[in-house]
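Listed after this line are the structures, all set down as structure tokens.
Okay, so chain A shows up in both of these, paired with chain B first and chain C after.
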Partner chain A sequence: MLNLILRRLGIMLLIMLVVSMLLFFMNEGDPKLVARSVLGPFAQDQQLEAWIQQNGYDRPIMVRYIDWLVRLSQGDLGDSIIYKVPVNEIFWDRLANTGILAGVTFLVMVALALVLGVLAGIKEGSIQDRVISFVSIITTSIPEYASAVILGGIFVFWLGWLPGTSSMTAGFNPVELILPVMVLTLYGFGYIARMTRASMAEVMTSQYIRTAVLKGIPYNRVVMRHALRNALIAPFTVIMLQFNWLLSGVVVTEYAFGYKGFGALLLEAALRRDIYVIEACGIVAVFVAVTTQTIGDIVYTYLNPRIRFS
Partner chain B sequence: MVDITPTRTTTPEPIARPPSTVRRWLESIALLRESWVGSIGAVIVLGFALMAVLAPLIAPYDPNLPMVPFAFPLSAAPDGGVFWLGTDHLGRDMLSRIVWGGQRVLIYATVATMAAYVVGVLMGLMAGYFRGWTDEIITFIANVILSFPVMVLYVLIIAKFGASGANIVLAVVFASSPGIMRIVRSLTLDIATREYVIAAQTRGESSWYIMLWEILPNARGPLIVDFCLRMGYTTITIGALGFLGLGLPPPDPDWGGMITETRSFVLAGFPHMAIIPAVAVSLLVLGFNMLADGLREVALRD
Partner chain C sequence: MAKKNVLNRDKRKYLLPMERKWGAETHCYLPELTDQLDRSRIDRRDFLRQACLLGMTSAAAYATADALLGRPLGSVAHAAETPKPGGTLRVSMAVQEMTDPATFDWTEKSNVARFIVEYLTRTRADNTTVPYLAERWEAGEDLKTWVFHLRKGIKWSNGDDFTAADVAHNMARWLDPATGSSNLGLFDAMVEEYDTGEKGADGKPKMAKRATGNAIEVIDDNTIKFNLRKAALAIPENFYNYPAAIVHRSFGKDTPADLSKHPIGTGPFDLAEFRVGERAILKKARKWWAGDFHLDEIHYFDHGQDTNAWVAAIISNQVDTMYRLPVESVETIKRIPTLDVLTTTTAQTAVARFRVTEKPFDNVNLRRAVLACMDHDELASKGFNNLGVPAQNDHVCPIHPDYADDMPKPKRDIELAKKLLKDAGYENGVKLTISNGDTDGPWMTSTLSVLKAQCAPAGIDVTINKMPSAQYWENWTKAPWGYTSWTHRPLGTMVLSLAYRSGVPWNESAYSDPAFDKALDEAEAELDVNARKEKLKVCRRILRDAAVIPQPFWRQISKAASKKVKGLDVHPTLYHQFQNVWLDS
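Here is the complex of A and B:
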């Protein structure tokens, strides 16, 4: 077990290292382009040269990379070109906003998906199974940008119940969170629900459930105490992988609703070549994704006795 | 029918010639009629494909021609025709834009997904068949790429290299071939232990012959399902890039771009302009998902 954890952590570290290299070479590989991004399109060649000299961009790329890595590990993310302030000053607020959005979505989505998946999987082929399965195919086919306008049409334009943007200009307002959470949940829950359903259906046909039922244990108790515990192992990994997907969905959803989160920051930075912000966003996104994946792998192994004891 | 007389033939029955590869692939698709979900999916996808092919005949107007702005669906056009789906804020006919946009989306989604498949299948075959270092290296590269949240990767790539059709295709190949590689790799690991592969190895066939003609055709079932799912994902991605302003350059219609251009008019009382392309994207993706679901269901049955 410890061996496995160490190996997973090693792979994770290696992946982070390669990703950081990719991000660095992609964004800071050419010093001229960096200087151009910082000084703007009207800077003279001489100014660019001077900037490159002043900021040490005339050093070999590997030296600059290691230097960057050291500063990164000390928490120095550089300065934002657009906002003219240290990236640290804007980045963490944005990340916290995304954390709120993603966290609420995650809770709603997982709860909904598990309940529906279990309900569908208890009796394979029943009407409730078919309805739930069919609904989940439909909802997974509606991408965030489509549901954003469709739900916006319904709840903002037609019913007038919800605000159409979520920029939180007048402080944090939970009502503005409803539509983005709905959009992300709608697209995301179907996949977990289907995994849960398949896992539940498999468990329900197994010998030990039949034995438990034949033994005369009440059906509800069989489901709650015997089936659920085993049925929820497989969806667990899928749920952890959803963080990766959630960070993807967040980029589109934040843009759609003007939510001031990390996804919107990344998009703005990428479009306006704010390289230090791009690097910070990229590294953190991959870090969150890889960490959740690693945790998912480890916990899955721990939960699954067949792997644990082999 | 049952012949019970014990006979011993010294010459074995001539073995029927196995059906050609193309035939076998087609047969696994033809099984689809047994699943209603799959059939509906196939009808939706074929409908959009037909619409794309017949775009010049179906689209009543030039998709970029400004006529009457803000016309609702079914309103009369000045030339005596009908704006079946209304017009957008610039007065362009929505139906024509949906039809031409659909053609564009389908062409790019198909090209990108196919290209990703070529790369993913080759990598997966190599990793699964050669194993050892080849496998280690390919798998590691795939893990690095897959560690990025997909949309973050697309934004980084397109923002760096610019928005163009070719770059979108390249970005899709880069982002989705690792996933295809993983599936092909695990299928290859399994199939490579079968008798017919060992027979081919004993015959002295080359590795590439075995990979492409013995292993790949036998992996077709799960791959067809995955291909349909991925067509759906790629359609979503192309729309998302258009939506984020990183997509195919305007003014030619592109569903994601259409949503972004007109979504501010939803609240102004013209929801059709943004909602129609949103429904179109969802419907096409639904078609692919149902098709994949049906194919999977049929494959599990036998």
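Here is the complex of A and C:
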């Protein structure tokens, strides 16, 4: 087990190194483009040259890359071009905000999806299965930018129940989280529910469940004790994958509701070529992706002995 | 001429008693201006604008106009109710970085800053320019010297006196190309080109710009004189252009050029909290030298770039008003009983300008062919939800005082377009690509779609290259063909000077014609409104003949506000002037 963890961590580091290289080469490969991004469209050629020399961009790219890695490992993310402050000053607040949004969404979504998936899976082909399956397919096929407008139309314009934006202007307000969480959940729960349903349905047809039922164990107990544990292995992988989706899914949702998170920051940085913010966001996104996958793999091994011993 | 006989040459008559006491002088043109108003050769608004520009105080100008035209004195809108002091106005607007006011390139940046740092003059929502930090000014007869008398007794928030040294410091920064301020183009008459002594790659000597030697002359603590290379009329109006806020004399010299970190100002507000991309909280910290400022606090909240979010914010009462209401949402807001829609006609527009140095747009016949395809009425109605006013491809607006309405309106002529295309060497049609960032809203794409359809019958196949708005602004001066939005400017000469004079930073079309520059210089030096209209016609004709800018329409702009917000005007340039705003609880 320890061997496996170490191996996974090694691969994780390697992936991050490769991605950081790609990120760096794409963003800072051309010193002139960097200077143009920093100094703006009015800067003259001489100003660009002067900037390149002053900031050491005339050095070979590998030297600059290693220099950047060293600074990154010391926590220096550079200065934002559009915000004109160190990236560190804005980045961590934004990431924490996204953490809150993604965390709440995750709890709501996974709970809802598992319950619905199990309900659908225990009686395959029943009315409740058909309804749940149908609804989850429909909601999964509505992208966030559309459901944001539809839900906003209903709850903000028509009913007037919920605040229209989630900028937390008067401090943290849980009510402002409802719409973005609703949008993200609506899009994300269907997939997990469908996977849970399939897995559950398969388990319910297995012989040990039939034996348990025939033995006279109460149906609830059969489902909770015997079926559920085995049925959750497959959805678990999907759930871990949802972390990655959440990181990209929040971009659209945060934008639609003016939520001050990581996604909105990344979108704005990408649109306005704020390269140091893009790099910071990129590295963190990769870190989250690789870490959740590693955790997923390890827990999966723990859940499924067949993988552990092979 | 009969005119001479009735002309009253007693200039002192145009001063209020108080100003006489100060020893104020009047411009020699004022009597003639008054005469023109009396004979209805100019209208009230033209008179007010001109008189204020030439240094008559607004009170005296309004009084003169009222005396001649018989209007009641003090007829100011919003005067019906007594303002209640106090309260917080919440505004939805992008909160952008706010380092150096001289380099502001977005009005939003200046709107947060303008409650901290102020301007020498102020252009009101009715397009007249009145005194602000400067209490009056005088122009020389040839319009080549301008003397500004600064108001006495104004203090900076750090306790220093506001003096001519502050103004001189600002002007010197603007005129230094190293600052990178767009004011350099506005105050072109104080700038000269000189040989740097170096040689460029092409062997020609490198030229650079700098302020002329005697441009800025501090006369005493409260008087500053500007000596111009050539006559210029709009100097007072230029001082209210949004990057012209006056910062403290230590700014960029003793302290770093960062207003958000060193917010020293003459205004009544302090910057209590500033988080770029999130919020700017302004709190009233001192008595305003100019009188009452009803609001206690102004809160700006950034709801991102999604216009749906702005509308959602005001509908759910998260803010009281907004920077601007997207034209697509005007009808929605009108249906909400707690909200008002405020609309005003402006010289805001967008021009599908060609970069005339880039192939194939260096071909004037090709450019003319595109213009010949345009049906401006259809573009205005379909492109801008019937809130557009058809334009005429010369960037001078009917609400500009120097607009002459007797020029022929452009007409759609497909046969002519085909002929021009043939002359241009594109007998079998041509494919053109226009860059568009929807920088001011999706109506820009709608408008270009109409343009595309109008161009098709002539054999011009237009592709709309849609890109994110920020990406467009990154390349707006470089795109070979681009659809750029331009904000309102109070005079026609101002916008032509900013955008089409040879070599100025915002000349996105790279258009350069000495004849145009000369005609523009002459128009800017002309005081007589009617004569200036004629002189500006020369510029407009040159610009139209050169077919530099297909310009579909002028935009009416709107904003939404809660009904409890009183005294709020929509400024044609979306500048925030909240000194009359108060909240009715």
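Just so we're on the same page, the second predicted complex is superposed on the first by the 310 of 310 C-alpha atoms of A that agree within 3 Å, B and C clash if a C-alpha of one lies under 4 Å from a C-alpha of the other, contacts with A are read in each partner's own complex, and residues count from 1 in each chain.
What we mean here is this: a residue touches a chain if its C-beta (ideal position, glycine included) is under 8 Å from a C-beta of that chain, and two chains touch if they have at least 3 such contacts.
All values derive from a computational prediction rather than experimental measurement.
The superposed arrangement places chain B and chain C in clashing positions on chain A.
When the shared chain is aligned, chain B comes close enough to touch A:L247, but chain C does not. Using the contact criterion defined above for the overlaid structures, shared-chain residue A:F257 touches chain C, although it does not reach chain B. Once chain A of one complex is fitted onto chain A of the other, the partner contacts of A:G152 extend to both chain B and chain C. Of the two partner chains placed by the overlay, only chain B lies in contact with A:P143; chain C stays clear of it. Legend: residue contacts after superposition of the two complexes on their common chain; A:I82 is shown touching chain C, with no touch to chain B.
Once the two complexes are overlaid on the shared chain, A:I11 sits against chain B while remaining clear of chain C.
Once the two complexes are laid over each other on the shared chain, residue contacts for A:P163 go to chain C alone; chain B is not touched.
In the superposition on chain A, A:V290 makes contact with chain B only, not with chain C.
When both complexes are overlaid on chain A, the residue A:L265 reaches chain C alone and has no touch with chain B. Which of chain B and chain C touches more residues of chain A: that partner is B.
Residues 148-149, 152, 156-157, 164, 255-256, 271, 273 of chain A lie at the contact with chain B in one complex and at the contact with chain C in the other. Residues of chain C touching chain A in their complex: 90, 96-97, 99, 180, 258, 275-279, 299, 301-306, 308-309, 311-316, 318-319, 332, 468-471, 473-478, 505. Across the complex, chain A meets chain B through its residues 11, 14-15, 18-19, 22-23, 26-27, 134, 137-138, 140-150, 152-153, 156-158, 164, 244-249, 251-252, 255-256, 263, 266-267, 270-271, 273, 278, 281-282, 285-286, 289-290, 293. Only residues 40-43, 82-85, 90, 148-149, 152, 156-157, 160, 162-165, 167, 169, 254-258, 260, 264-265, 268, 271-273 of chain A touch chain C when the two sit together in their complex. Of all the residues in chain B, the ones that touch chain A in their complex are 37, 140, 143-144, 147-152, 155-156, 158-160, 232, 236, 239-240, 243-246, 256, 259-260, 263, 266-267, 269, 271, 274-275, 278-279, 281-283, 285-286, 288-290, 293.
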